[in-house]
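These notes are about the structure you will find just below.
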C-alpha cells in the first residue's frame, strides 16, 4: 500500500540522473548510485546532498559515492558530484526517483463500507475498514487508507493519499494530489458557542472545508469547517502535524506551517507565508503574502506589511531566568524611574550650569 | 448520518421566526428567508447577523434579505431586521432552526462489533466498524460514529453525538447531550511515572473520566483518566480541538477553552471560566470561578481572585525583537543600574545642596 | 481487554506487602488493605501515599487504613504505615499489585484484517477491526487494540500494549513492553519540503521510527519517520499526550516529556532529561544528558551543559500585563537611556570633582 521506504529503483549512473533531472556532473559520470543517503550515514552505493555550510566536516567524512551540491560548493569535495542551482529541491526529485510512490491497487477491500450512491473511481483503492458515505466521490488513483472515513457528499480529488485513520467530514472537498496523514480530522465543527444566561448555546457549523490542489495535511492536524461560509486552504498549502486551523480561516496558496501551530477562527493568512513551529495566530486578523512568522510567536493583530516577525521569550538557566523575569512585572515602573532620573539630572545640570 | 450542512428547512417569514424564538421585527415582517448567511456572502434568501461594530461596512453592503441585530444597532440598516437583546445567541437558535441535527437512524451497522453484555438503547445508532465493549451502555438516541470505540463498562448518556474515530476508554462516563468530535481520546492513562534508580516506573491509572451533561469535546482533544480518583468535567464544559486535560483535573460547569490549551494534572479550574487558545495551565493549582485566561498565557500558580490574566510575549519585526529581547536576559542588571543611578544622583544632590 | 480500573486483588496485610515489595511497617502490620486511594478520598479499605509536604493537612484528615511514606515523614501520622525510601515509586509498585495488567486474550478477532505474510505470535491478541499489513511482526503477549493499524514490515515487540486507534506506519519498530496510547501516529512522513520556483516539492521520507524497549507514547502523540536516516527513541523514553517529534530526532534513554511538547526535526536530546509541558525544542540542536527544560520554554539553540532551563513569560492581571509588556518593545531604548544617564552623571561628577 506504500512504497517500502529505502527500497531502491536499482543503480543509476550520475550521467543518467542529470539526463533526467538536469544539473551537471563534476567528476566521474559513470559512478553508480542506488539510493539516497545522509552525509553522516550514507553507504557506498548512496548519493547524499550538501546544502548547509555548517555540515562541511560531515561532507569531508561522508561515505557516500557521490553528492549533490550548489555551484558555490563544488570545490569542497573531490567526490563525484552533481552540481545543481537548488540542491535541496534537486535532492527532492532525486529521492523521488529512487522512492516512487507505490500506485494504489484498484478496488474496495471487502471489509470497507462504501454506501450506495458513493462514486468511487475504478482506479481508486479503498482500504480495509474504510467508510465512504453516500454522495461522496473518490477520484481516480486515489487511496483511502485503512479505517479512514469520508462523510456524506465529501469529494476527494484525483491521485490523493488519504492515510489510515483520517476523518473527512460531510461536504468537504480535497483537490488533486492531496495528502492527508493519519489522525487528521477535516471538517469537524468549528468552536462556535454563544453565551446566554450563563450557559453556552452551540452555533451550528454549516460551512465546509475546501482544500485546493497539492495540499498536504500532517498527522493529527485538525481543520474545522466554517460556521456559515467555508474554511479555505488554497493550492499548495503544506501543514505539518498537530496543527489546528479554526473555522472560516483562509490560507493562501503555498503557505507552509510547521508542527503544532494554532490558528484561531477567521484568520486570513496570505500566500507564500511560512509559519514556524508552535506559533499562535489569533483570530479575526490578517497576515500579508510572503510573511514569515518565527516559531513560538504569538501574532495578536493584523500585520500590514510583509516581513519576518518574532516573539519568542528567551530561555535562560533557571536561576538567571527567575532573577530577570521578576523584573518583567516591574518594567513599567523601571521605565518611570528612568524618566524621573532623566528629569532630575537635567534639572541638576541646568541648575549647576 | 449528519444533517447536510447548509440545507434549509424551507423559507420562513421574519414574523414566524419571532413567534418561535422571540425578539421583534423592524421593517417588513413578511420577508421570507431560507437559510443563514454571513454579512459578506449572504445570498438574497439569507438572514445574517450583526454584532461586531467593526463590521459596519459589511452590514452596509450585505446582500442578505434580513439581519439579526441588537437594539443599539437597529438604526444602522434599512433592511428588514430582527431586533434581539443577545443577537449572537439569537442567531445560534435561528441557525439551529434552519439546520436541525439529523436524528440517528436506530440500529447497529452489520460491521460494528457490539459485545454481549453491552446495553445499547434501541433508538441508538452504532456506525460502521464501531466497537462497543462488554458492560458499556449507550443511551437513547445516541449516535456512535464509524470506527469509534467504547471501552468496557463505559457509559454514554442520551442524545449524544460521538463522531467517527473517537476512543472512550473503560469505565468513563459521558452525560446527556454530549458531543465528542473525531479523534478525541477520553480516558487514556494519565502521565504518572515515578523515578527509581534512573528509570521510570509506571503508576497504574485507575481513575476514570466523568463528563457531565452538555459537554462538548473537540477533535483530537485528549482527557486523561485519573491516577486514583477521577478526572471530572462538570455540566456544560466546552472544549475546542487539540486540548490536553491531564489526570485528576476538575473543570467547573460552563467553562470554555479554545483550541490547543494544555492543562497539566490535578489543576482545578472553576466554573464559567474562559481559557484562550494555546494557554498553558500548570498542574496542582486552582483557578477561581469566572476567571478569564488570555490566549498563549502560562498560568504557573494558583489564582486567588477572579479577573482577566494575560502573559503573551509581544511579537515584533525580527530585528527589533532581537534587539529588545537581548535585554531581557539583562533585566536584573538594568534594574540594579537604575538603583545605583538613583543613589549616586541623590548623593550628588545632597552633597551639592 | 483491559483491567477493570479500581478492581482489587483482594485484601492484603501490610506485612504481606512489605514481604513482597520491601520497606517496613510502622504500626499494626496485620491491617488489611484492598485498594489504593488518594489521601483525600480514600475509603477505609484503602492505602494512600504521602510524599508532598504541602499535603500534611490531607494526611491528618485521610480516611485511609494505612499510608506509604518516607522515613522523614514517619512521625507525621499515627496510622499504620509502610515506610519506604522512595514512597512514590513504592506506591507505583503497590498500585500495580492491586491493579495488574490484564493479559491479552490470544487470537485474532474475526473482524481484524491480518495480511498473509504477517507474523503474529500465537499469544498475541489482535482486536476488532485492527489491520496488520504484510511483513509485519507482532510479538508474544502483545495486544493490538481495536481499529489500530500496523503497516507493512513494521515490527512490534513482546508484551506491548497498542491501544485502540493507533497508527504505526510501514517499517517502524517498537521494542518490548512498549505502550502506545490511542490516537498516536508513529511513522507518518516528516515535514520535508523544498522550495522551488515559489512552490514546494515534497521530499520522500524514507527513514523509519525506531523505539527502544519500555517506551510509552501518549494519546494523539505523533512521531515522524526520518527523511533518510531513522528517528530514534532509546529505551525507557516516556512521552505524554499530544507531543510532536519531528523527523530524525534522537531522544536518549529514560528521557520523559510532559504533554504538548513540540520537538522540531533533527533535534538531539540526551538521556535522563525531563521536558515540561508545552515546551518547544527547535530543530538541528542538541541538549545534553540530565537536562531539565521547564514547561512552556522555547529552546532555540544547543545547550552545552546540563542544568535547568526556563523561559516562561510571566502572566499578570491584564491591565498590569498591558502596561509592562508595552515596555518590552522599548527595552533596547531603555538600556540606551540608562547608559546615557550613567555617562552624563559620571561627567557631572567628574566635572564637579
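Lettered A, B and C in written order, each chain numbered from 1.
Here, a contact is a pair of C-beta atoms (placed from the backbone, for glycine too) under 8 Å apart; a residue touches a chain by one contact, two chains touch by 3 or more.
Please read all numbers here as calculations on a predicted model, not as lab measurements.
A.B. asks: Specify, for the interface formed by the sequence copies chain B and chain C, whether it is same or different in terms of residue numbers shared by both sides, with half as the dividing line.
C.D. replies: different
A.B. asks: Using only the C-alpha atoms, find the rotation that maps chain A onto chain B and quote its angle between 0 and 180 degrees, to the nearest 5.
C.D. replies: 120
A.B. asks: Determine the centre-to-centre distance between chain B and chain C, using the mean Cα coordinates as centres, and give it in whole Å.
C.D. replies: 25
A.B. asks: Any chance you could list the residues of chain C touching two or more other chains?
C.D. replies: Correct list: 111, 129, 147, 165, 183, 220, 242, 260, 312-314, 316, 325-326, 328, 330-331, 334, 338, 341, 345, 348, 352.
A.B. asks: Considering only the defined contacts, which chain C positions touch chain A in the complex?
C.D. replies: 111, 113, 129, 131, 133, 147, 149, 151-153, 165, 167, 169-171, 183, 185, 188-189, 191-196, 198-208, 220, 222, 224-225, 227-229, 242, 244, 246, 260, 262, 264, 280, 282-283, 293-294, 297-300, 307-314, 316, 320, 323-328, 330-331, 334, 337-338, 341, 344-345, 348, 352
A.B. asks: If you look only at chain B, which of its residues touch chain A in the complex?
C.D. replies: Touching chain A from chain B are residues 1-6, 36-38, 40-41, 86, 88-89, 91-93, 95-96, 98-99, 109, 111, 127-129, 145-147, 163-165, 179, 181-183, 214, 216, 218-220, 236, 238, 240-242, 254, 256, 258-260, 272, 277-278, 295-296, 312-318, 321-322, 325-326, 328-332, 334-335, 338, 341-342, 345, 348-349, 352.
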